[in-house]
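Order of writing sets the labels: A, B, C and D. Residues in every chain begin at 1.
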Amino acid sequence: MSDKVKVAVLGATGMIGQRFVQMLEDHPYFEIEGLYASERSEGKRFADALKVRDYVYKQETLDMRIKKMDTKHISEACRVAFSGIPSDLAAETETDLAQKGVAVYTNAGSHRMDAHVPIIVPEVNTDQFESIKDQETYSNGGYIVTNANCSSTGIVVPLKALMDAYGLNQVFVSTYQAISGAGYPGVPSLDIVSNVLPFISHEEEKMESELAKMLGTYSMGSFNFADFKVMANCARVPVIDGHTESLVLDLKDTPSLQEVADTLASFRGEPQKLGLPSAPEAPIIVRTEENRPQPVFDVYAGTPVRARGMASTVGRIRQSNGYYKMWVVSHNTLRGGAGGSILNAEYAYRKGLL
Amino acid sequence: MSDKVKVAVLGATGMIGQRFVQMLEDHPYFEIEGLYASERSEGKRFADALKVRDYVYKQETLDMRIKKMDTKHISEACRVAFSGIPSDLAAETETDLAQKGVAVYTNAGSHRMDAHVPIIVPEVNTDQFESIKDQETYSNGGYIVTNANCSSTGIVVPLKALMDAYGLNQVFVSTYQAISGAGYPGVPSLDIVSNVLPFISHEEEKMESELAKMLGTYSMGSFNFADFKVMANCARVPVIDGHTESLVLDLKDTPSLQEVADTLASFRGEPQKLGLPSAPEAPIIVRTEENRPQPVFDVYAGTPVRARGMASTVGRIRQSNGYYKMWVVSHNTLRGGAGGSILNAEYAYRKGLL
Amino acid sequence: MSDKVKVAVLGATGMIGQRFVQMLEDHPYFEIEGLYASERSEGKRFADALKVRDYVYKQETLDMRIKKMDTKHISEACRVAFSGIPSDLAAETETDLAQKGVAVYTNAGSHRMDAHVPIIVPEVNTDQFESIKDQETYSNGGYIVTNANCSSTGIVVPLKALMDAYGLNQVFVSTYQAISGAGYPGVPSLDIVSNVLPFISHEEEKMESELAKMLGTYSMGSFNFADFKVMANCARVPVIDGHTESLVLDLKDTPSLQEVADTLASFRGEPQKLGLPSAPEAPIIVRTEENRPQPVFDVYAGTPVRARGMASTVGRIRQSNGYYKMWVVSHNTLRGGAGGSILNAEYAYRKGLL
Amino acid sequence: MSDKVKVAVLGATGMIGQRFVQMLEDHPYFEIEGLYASERSEGKRFADALKVRDYVYKQETLDMRIKKMDTKHISEACRVAFSGIPSDLAAETETDLAQKGVAVYTNAGSHRMDAHVPIIVPEVNTDQFESIKDQETYSNGGYIVTNANCSSTGIVVPLKALMDAYGLNQVFVSTYQAISGAGYPGVPSLDIVSNVLPFISHEEEKMESELAKMLGTYSMGSFNFADFKVMANCARVPVIDGHTESLVLDLKDTPSLQEVADTLASFRGEPQKLGLPSAPEAPIIVRTEENRPQPVFDVYAGTPVRARGMASTVGRIRQSNGYYKMWVVSHNTLRGGAGGSILNAEYAYRKGLL
């Protein structure tokens, strides 16, 4: 009998939920206990709710039946819940699970700004795991850990590397976000074929606050946000998977472009040091071609195979008027979604937090 | 017999050349003398080289035959040449035409940084027409006037309005540029379907220099560039027509958002004052919806009919950390290409420069 | 005071409803009395429900307020209702309006197979208008006339021309249908970006029955379907507007390809003979280029301006093993939607049926 | 030292050439001796000519240097050449290689209709390998074997299965072909974004002749074409990878739909019997969902991993007026390109023809 940790996947009929399932197949630490979704999908085969298009699931996964969300049952059967449910639903459900003693690793945004809930990208801020101990439910083993929104996740590792090395004053970011980020059915095709949608509800605000929270500290029972400024412009473009982001950075120091590239390429965080299963060997890939990164080529960056889509690719590192400019591509539903929470839970597993 | 000014269209088989032809149909000041292109297209019907997809040409235009470029013939037959030829070819051809006494209005980039060649957007800097008098060829009636590259044109009118009203320190701009901007055949489909290309050769450098030249002054025989800074990131996205641009502006003053909107919406320049035929009644349209401007809705902004695609649409005017943020959409081959030079020539016509 | 016929537009917040509004602006026979939609949209400005992207409405149209659907009010205020409402809703609403004496011209499919309800494409079967006299409601002036589904409409005029000239045994048709045909929000972008959807609910059945009904006859109180066979394969492709269809035809005679082309190009129907306002001068445009028709070039075929998008474009007329092959492009929401019903009503107006 | 067969890849900078390289990584029978292309690419790293977007090559492959095509050198170093070069170049080069004793497995169309050159899809017609013995060059070990064009390959296995079981009179096929089929740069983006291109040069003629040749026989020194008729309409659609095809079949017998599905799903050919490395376990996947097959879901059909993209997926099997209708999706550059020739060479290897 397997001694892997039993996990529930919440929202298993959705885009993020199915990425959780993908990353949990043959996972060395975790084992899927059940796939959960709303009553509407109860009893449906996973295969019949398929939304992920570029991954071939194992037959036994395809044959799994969706169960109706039931927090009591989940809390009895699972130590961990990976949550890909919509934010409005997540608020209550995740609190309920934590109260029932479940460790919730969630992609939902509802709890990201809660007083003791961390937003973790483990290359950046595993120290903020401390905050979970101040969650009321921690005493009975339940807590909530969130991953950041997809746009923030894609750039936070490069920002961390540069902030540590050179100091960071200001971040000007414009996003070119993939349609898969809006879930399914998500963006109507008439809104996006041959078009740009220069508005994603609350996305700019999230970037401006989540980056500062993650790159700040947790001490004395509260989060101290980093004091750099973020000016974000967020848009949706007709790309299936992969967020592209343009960055203009105001650094405190004045490194050479080669130093910037070296700092990024050589950056390693806790997941790399611990050799976590879904950790990319290098979390930041630096490309030197004049026209990279691009979603079609770079969205799946990351080795080994289990870490495909878990690295951010940076390219076109340039200077202009004292600012540093670069482009970043990352996978919005792997690194920027389910993969982020998987990596968080892998870290927790190794640190005895599960 | 018509007393309209005879004009040649150079590069009439290309994307920009055909937009020139479109805007010259039934023009009150100008009359097409001939459509010129390379030897390869000589004798071909205009209809058989058709690239513009959203405009229905008159039958007599469709039946016109392409002539081989011949600067001697053009200079004898035409007072004006509208040039949509590639930059490498334009350098020599346009100089040759100016030497032969032709007033060249060009979309090509080759002469934009020449000592006495102005880049004109007539809502912004008609005073820089003065520079043509210092061109060596001016004495015999020949000169070169350029329009700006498409990305700069889309935002220069809003920048002018705001600079005049509030002062301008810095411009952070990211572009979402349409594929028509690369001409035909231009961008291979494999490079852009479901992708973002974060590189357009020389585009960022052009934006950083052309905006400063246009918003500067010409005096004592030379151009003085405006002293604000531009940090540009330029990318191609899968959109047929219409450049979208995200702006973060560092203004000297601190107007309210309503003041910014009013300043933009009420801005009028020389083309509006003179009632030029292709001038949009309002060169800047301000939209208040949460998700505008968008290429599919706003690319053809501009009234009356002759000015369709000649207005820039601004929306989502916001503030963040003291910066002003907004989005702009403009038509890259009308306002940002052929239409720009047509408007320049209309101004010149009215000022007796033709 | 205008003596134009007062008309209601049902479903004015939808894709088809807004095409009705477009075609009714400055119409010589009709005048919009009101724009109707569900309670949810009551009071909204037309501008704030805008879905049509390529047409610029008059300001007074944009400022019109949506009214809640009210058949009693409509029947008192209007002689005609143009209906672009969904089929499930249309079934009852349209019957109700007809019973209240309104002449209903509808794009909805719900009544197309009713015993005395004709599917009219007026180049093809105006004689089937006879059937409305057998509708129970006709005595009080109310009746229902439908236009065909978009895929059938695009090819029925060419089929009529060829059937009359050469006899028709079998039609093999595959469709490449635009996303606007599914309305808004319609097709999720994740389903169609870089994809083909080889299934459109009930579309193949509709083509197989509607073509036979239209090309048949109405006599002795019932429709006699034409006896040729239709084998349809229907798919959605990532195109905004314009259905493309491949045809393989089994004709009774063996005309030359030139004869086929001439028959198509010279075809004229009742709308042309009567000079109806929205009738294209030539309902079938024949192109001889090797790579036409294409949606981007041909979707708006049709002159004069009021008839833009009302002609079908046929090209690549070839033979293979005794069959005739060709491609057809038509505008699915103009000719294949609202425009079809407008043309039907124009015919009725001229024939004293309104 | 490896005793694998040394192979050359011709056209290694192109779309098909790179798919050859992908399928040859760690191949159990073959080992790449060199990557060949035109002089222009000589010395370039494979990585710097990368066109395949969805496969991650091994680092040692990425570091390989392109060599200039040199048939003398190739013939001395390699037993086999896999050719992905353009047809105009292929005609002479491949003949030259065969004369020098090389077994040429090619995707190029130039020799497909040669008197003794077979078009092989090994699930269908391995018996036609006999023809190579009648090639003049066979005595010295050189010969040419072609794979079919991508559109024919996608459907020929299902056609074979049905022809054998029920007899086949007529095939009506319309294609929805991916842009990768046109190579790189291939289709200009302006021609295909939100468009359908109803013309692919010579494609319809190829389908009509190649299918008949493959499904015919070779005896007494010549090919006897199968006597069913093919009526093809070929179009390009905005899809990156994966050809979709609609089929209407006129069978001699009248099987039930379930019998048709069973015949297709249970079909196995020589590659399956021999367990060739790149052979899909089932060459035809039958899907029962109402909206499958689709390129985004089905293009990579085929197990095990080495056979991904090597199966055709059939769905929506229906009847209409006595005809059988269905849809097929296949990978146009794997199964329909490089993978086809790899499978041919694997068969030859096992049969002692190398």
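Here, a residue touches a chain if its C-beta (ideal position, glycine included) is under 8 Å from a C-beta of that chain, and two chains touch if they have at least 3 such contacts.
Because the structure is a prediction, the values reported are computed rather than measured.
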item	value
Interface copy of B-C among A-D, A-C or C-D, judged by whether over half of the contact pairs recur	A-D
Of A-D and A-B, whichever chain pair has more C-beta contact pairs	A-B
For chain B paired with chain D, centre-to-centre distance based on mean C-alpha positions, whole Å	47
Between chain B and chain A, distance of the C-alpha-averaged centres to the nearest whole Å	42
Sites on chain B at which at least two other chains make contact	53, 193-194, 238-240, 296
Residue numbers on chain D that touch chain A, as the complex places them	48, 50, 53-54, 56, 193-194, 240, 289, 296-297, 300, 308
In the complex with chain D, residue positions of chain B that touch it	15, 51, 53, 179-180, 184-194, 238-240
In the complex, chain D residues that touch chain C	170, 172, 174, 176, 194-199, 204, 208, 229-233, 235, 237-240, 244, 246-248, 290-296, 315-316, 320-321, 323, 325, 327
